[in-house]
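Shared chain: chain A. Partners: chain B in the first complex, chain C in the second.
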Partner chain A sequence: MKLLLRDAGIGIALLLLILFFALTADHFLSPNNISNILTQITINLILAIGMTFVILIGGIDLSVGSMLAFCAVVGGSVLTVPDLSVFQAVSLATVAAVGTGALCGFLNGWISAFWGLPSFIVTLGMLNIARGAALQVTDARTIYSFPPSFNAFGSQMIYGVPVVFLIALALVGIAWFVLSKTVFGRLLYGIGNNEEAVRLAGHSLMIYKIAAFTIAGVLVGIAAMVYMARLNIASPIIGIGFELNAIAAVIIGGTSLSGGRGSVIGTLLGACIIGVLANGLILFGLSDFMRQLITGVVIILAVIVDKYRERITAA
Partner chain B sequence: MKLFKFASVLALVAATALPTIAAAADKPVVGLVMKSLANDFFKNMLEGAEAHAKKRGDYELKAIGMQNETDFESQLNGVENFITQGVDAIVIAPADSRAMVAPLKKAVDAGITVVNFDVSLDEQAKKDAGLDLAFVGPDNRGGAKLAGDALAKSLGEGGKVVIIEGNPGADNAAQRKLGFEDAIAAGKLNLLDSRTAHWETEEANSVFSTMLTAHPDIQGVMAANDSMAIGIIKALDAAGRSDIKVVGFDNVSAVQPLLKEGKLLATVDQFGSQMASDAIDKALAVVAGGPKLEGWVKTDIKLVTTDDVK
Partner chain C sequence: MKTNLGHVDPVACTEPAPLLELHGIRKRFGGSVALAGVTLSVAPGEVHGLIGENGAGKSTLIKVLCGIVKPDSGAITLAGESYSPQTPRDAKARGLQVVHQEFNLLPFLSVAENIFIEHLPRNALGVVKRRDMNMRARAVLDAIGLKDIDVRWPVERLGIAHRQLVEVARALMTDSRVLILDEPTATLTSRETERLFSIINDLRRRGVSIIFVSHHLDEVFRLCDRVTVLRNGETVTSRRIGETSQDELVRAMVGQQLQKEMTHSIESSARSEKVLSLVNFRHAESPHEDGVSFDLHKGEILGIAGLVGSGRTELLRAIFAAQPPLSGTLLRSGKPVSLRSPRDAIRAGIGFVTEDRKEEGLILSMPIAANVTMASLADVSRGGLLDQRAENALTEKLGTDLKLKYGGPGKNASTLSGGNQQKVVLAKWLARKPEILLLDEPTRGVDVGAKAEIYALIRRLAERGLALLVVSSELPELMTLCDRIMVMSQHRIVGTLPRADYSEEKILTYAYQGEKRQTGH
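So, the complex of A and B:
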């Protein structure tokens, strides 16, 4: 119930923002623009779902932007193998991209859990490893010319809703189910709240920590496939700073950076807030510099509001 | 035991130091300082320089690059290391047109021939530091004007255009924007909006689709690099707008199919792979006792259109 109330608060903030732009910016509510916003938030949303798992256990993953590039160039290399049917190419590429993400995520989780290291440092290492690996395997070249039907899929719409966004929404649904309806999910919250208690209850912390980071890696792999379908290129330099946007979506969505509190529904709303802001401020006619400044202010405001909410719900 | 350790260290030092001394005696050493090697453009440039060094064979090339476009620190360290090593010439594509002035002044004072290519150092900063240095490089503003003119010619007077800019604060981004604005003034185009997408494909895709919502009457787009042009063309595909014309900059390999299909009207080639080797040639001529370089030594630029790839 408390969780529902938290999400409702963020939902109201999002509605107010939408209302503001609807009144002040022309075309904001046009069907085309709404499709655009949904397309624009998709990649960040997918990354942020994975980030939610990691932040819930009190960790952080700074490597997702670099991993996105690594997964994309691995998947992109498979996509451009000659003599494969489109179906073969796309399925093998998906396996390769998701597998690469899972492997990087597994390493993040295993290294930090096995040696008891802060995930901040381990994933900072992975940020460099994945970027270096992406550059190494491509020799810093951009991969392009994917199958046309794969490319068309990236801009496919169903009643004006981008298919890639529906995929992200389905992932939100799955993540929500896993986090709130399964023992596994409840234990992740438990680790974020009180690691020691979970350990004393006889659960292996290591498995859960590795699982959270691996899930984040799998989602990076999926995001990489969406990136390629949308933009028809895979370059080893994509995704710089994407981890920060994903973290921002999770935090604006009300998940506590210290772990144990939050929800993936909040993350969905947080990603929407970032997307609506980025889009609305352009339509509003604000300069690029002011846009960046205001996005920063919103992130800080969200954390301050969360602080108050914490006090009220605790009381 | 201690003595043994000392001796082995001494041997190691001698082993590493001797070959460099020997090499320095017969061939001039050129330190090449590049920008991000994660960028196709600089990657091609470095490969061009390496091939050039092998072909000429009369100098030794030492190259360093950066992690990313804004990693000033490693450039700074690289220049300082080259000064310490006592290279004969430093050939540099500065990451920042002001930050690199002081270390290069130090290099010049140490008697090293310095050639600045790709991005020119800030005139005022050079004057303040008392540094007199020529620039070997393309005219980014002139190049952008070529691309802008091609768009203006295709749209005709009164055509409605937007600009997608590179990184705010980067000199080549500023020059390209000025070049686009020159073309807009010359062709009497109507500029609706101008925004940055930080050289990035994904950001250009998002920013441009939003700009298209705000201005559905856009007829042409000027992108400050090809990576962003790719993102813009994807946004046009998604919106089903084949009527809008796009020009880019850099002529990277990923836009070749787009040029062929006519989705990209034109781009600009700065012959990046030759740029570093040209600058090295000029530096070696000075090292060999040739006259000092002065002012702006312009390198080739060329407009590339659909006709060039067919």
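So, the complex of A and C:
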């Protein structure tokens, strides 16, 4: 119940933002612009879903941007293997990209859980490792000329809604189900709130920590496939700073950075707020610099609001 | 004779105006009442004992006085002026110092740096005048008789008792009018306790008022001029030391309700099957190679008494494999088992109610139902999917069993009072239907009503055949509940008392004996 109320507050903030831009910016509500916003949100949303799992257990993953590049160049290399049917190429590439993400995520989780290291440091290391690996395997070159039907899929719309966004929405649904309806999800919340209590209740912390980071990695792999489908390239230098946008979406969505509180629905709303804000400010004719500045302000405001909410619920 | 009736009480006549006065101090934390009206008055140069059971409100009261916690209502005056410190710094500025029970020293800094941490002597450039500081620290330590400590040593090199005395030295650095000592002797050996007492007497002569919080009534009688008893966050009585007795104070601390409960002693103890036996069981904290050995029987309530730091909690944690043991054998119903993690222990039918409910027992910001089922999620789920209805049903069933007072299974555990939170922890383990339950300070921070209920529950569980191992710092609690009491000291079991031989004196004698033997070496 409490979580729903929390999400409702963020939802209202999003609606007010939309209302504001609808009244002040021309074309904001035009179907074209809406598809545009949804497309732009998609990658960040997929990354932020995975980030939600990690932040819920009190961790952080700084490596998702670099991992995106690494997953993309691995997937992209498979996509461009000659003599494969489109179906074969796409499925093998998906397996390769998602597998790469899962492996990196597993390492993040295993290293931090096994040695009891802060995930901040471990994923900072992975940030460099994945980026270095991406540059190494491609020799710093960009991979392109993917199967045309793959790209067509990337810009496919259903009633003006991008298919890739629908995929992201489906992932939100799955993540919501896992987090709120399963034993696994319950324990992730438990670990984020009070690790020791969960351990003394007979649960292995390591498995759950590794799982959360691995899930984040899998989602990076999926995001990498979506990225290639949309932009038709895989480059080792993509995704720089994407981790920060993903973290911002999670935090604006009301998930506590110290873990244990929050929801993936909040993350969806948080990603939408970032996307709507970016789009609206550009329609206003503000520069990208101003957009970045204002997004920063919103992140800080979100944390302040959260602090107050915490105090009110604690009292 | 009529003139006598009009006579003012001679004691009141000679009494100087109080230095510190508290009136009707109240404080709530969430659902639980910590202070329910404390009244206290301390005269200048008086050593005032403050006693009460665990959870009676002593610690909260100290936090109020030193500016960590703001009271909800009530008035305090210090030297005739209103006193409401906003921060510990405020409190110090007004001349009120506290030596806390938990250590506030910085382990990697030197003894001298710790003593002067609040006002390090500096030269014009802001550089610490190390020689000056060390010399002054030396003088302070000499004054309290700590001649054998080098002030340049990092604090981590000192033993617990010496750290406590360094804390006292630090408090003495500033001229204080009121000095609060929170359980200062808990970690001291008898020699150091004597030393501390002479420091206190010295301060008393200089007109400093001292509030002395202690569990040890004999110390209170030796040292204090007056004593105030707290129970359930209220002042029960405040007496001159010459006008009261230990018995009277114990009665005041324990209260009527428990008094009744305590007379209901159970004599039944079926010494049948040994469900748990330790043979030379040793954990990493224990200095003794041969560890400890004892048996726990089916349906038995076995108590473990001992001073703080005697290794009681560590033993329970090792049995539960929260910290895996080093060596020795653990027999579960006669069969040797190797428990490597709490998971193993739980599978072997052991439950563990930890000392620290908030840090280890509960997830306060999660629903009551989630807390109750935390150790038995397999019972309320199918194929990894939670069955909300089964979870609520289990919670409600155990809630009724344990007389849990709660808003509903979906309410957060933080909404409960201390006693009800403890019942949730108990429910979590009872949901697993354990055969052995380890309880560490099961009634800490629990009000008297809930305490009696928890006692009754523990007995009921024993009658059903559960074996219970209870660690408690409250001797009356152990003497009420247990069929046998083991006394621990320095990680050894120094004595075992059958019910017929119970007395606080005997238990404490054992507890201190081990202590002295250790320091004698």
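Going forward, the second predicted complex is superposed on the first by the 315 of 315 C-alpha atoms of A that agree within 3 Å, B and C clash if a C-alpha of one lies under 4 Å from a C-alpha of the other, contacts with A are read in each partner's own complex, and residues count from 1 in each chain.
Assume contacts are C-beta pairs under 8 Å (C-beta built on N, C-alpha and C of every residue); 3 or more make two chains touch, one makes a residue touch a chain.
Bear in mind the structure is a predicted one, so any value in this text is a computation, not a measurement.
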Check your understanding: Given the superposition on chain A, are chain B and chain C in a clash or a fit?
Key -> fit
Review point. Taking CA centres, what is the chain B/chain A/chain C angle in steps of 10 degrees?
Key: 120
Practice item. Figure out whether A:227 sits in contact with chain B (first) or chain C (second), or with both, or with neither. Key: first
Review point. What is the contact status of A:94 with respect to chain B (first) and chain C (second): first, second, both, or neither?
Key: neither
Point to revise | In the superposition, chain B vs chain C on chain A residues touched | key: B
Review point. Does chain B (first) or chain C (second) touch A:141, or do both, or does neither?
Key: first
Point to revise | First (chain B), second (chain C), both or neither touched by A:237 | key: first
Check your understanding: What is the contact status of A:201 with respect to chain B (first) and chain C (second): first, second, both, or neither?
Key -> second
Point to revise | Contacts of A:295 with chain B and chain C, given as first, second, both or neither | key: neither
Check your understanding: If you take every C-alpha pair with one atom in chain B and one in chain C, what is the shortest distance in Å after superposing?
Key -> 33
Review point. So which bits of chain A does chain B touch that chain C touches too?
Key: none
Revision key, fill the gap. Contacts from chain B onto chain A in the complex sit at residues 36-40, 43, 68, 168, 195-196, 200-202, 205-207, 209-211, 213-214, 216, 227, 230-231, 234, 237-239, 252-254, 257
Revision key, fill the gap. Given the complex, residues on chain C that touch chain A span 30, 320, 322, 341-343, 345-347, 352, 354, 359-366, 370, 374-375, 377-378, 381, 384-386, 410, 412, 414, 428
Practice item. Enumerate the contact residues on chain A facing chain C in the complex. Key: 1-2, 181-184, 186-187, 189-190, 193-194, 196-204, 260-261, 314-315
Review point. Can you list the chain A residues touching chain B in their complex?
Key: 25-27, 30, 32-33, 36, 39-40, 43, 131, 135, 139-142, 144-145, 154-155, 227, 230-233, 235-238, 240, 278-279, 282-283, 285, 288-289
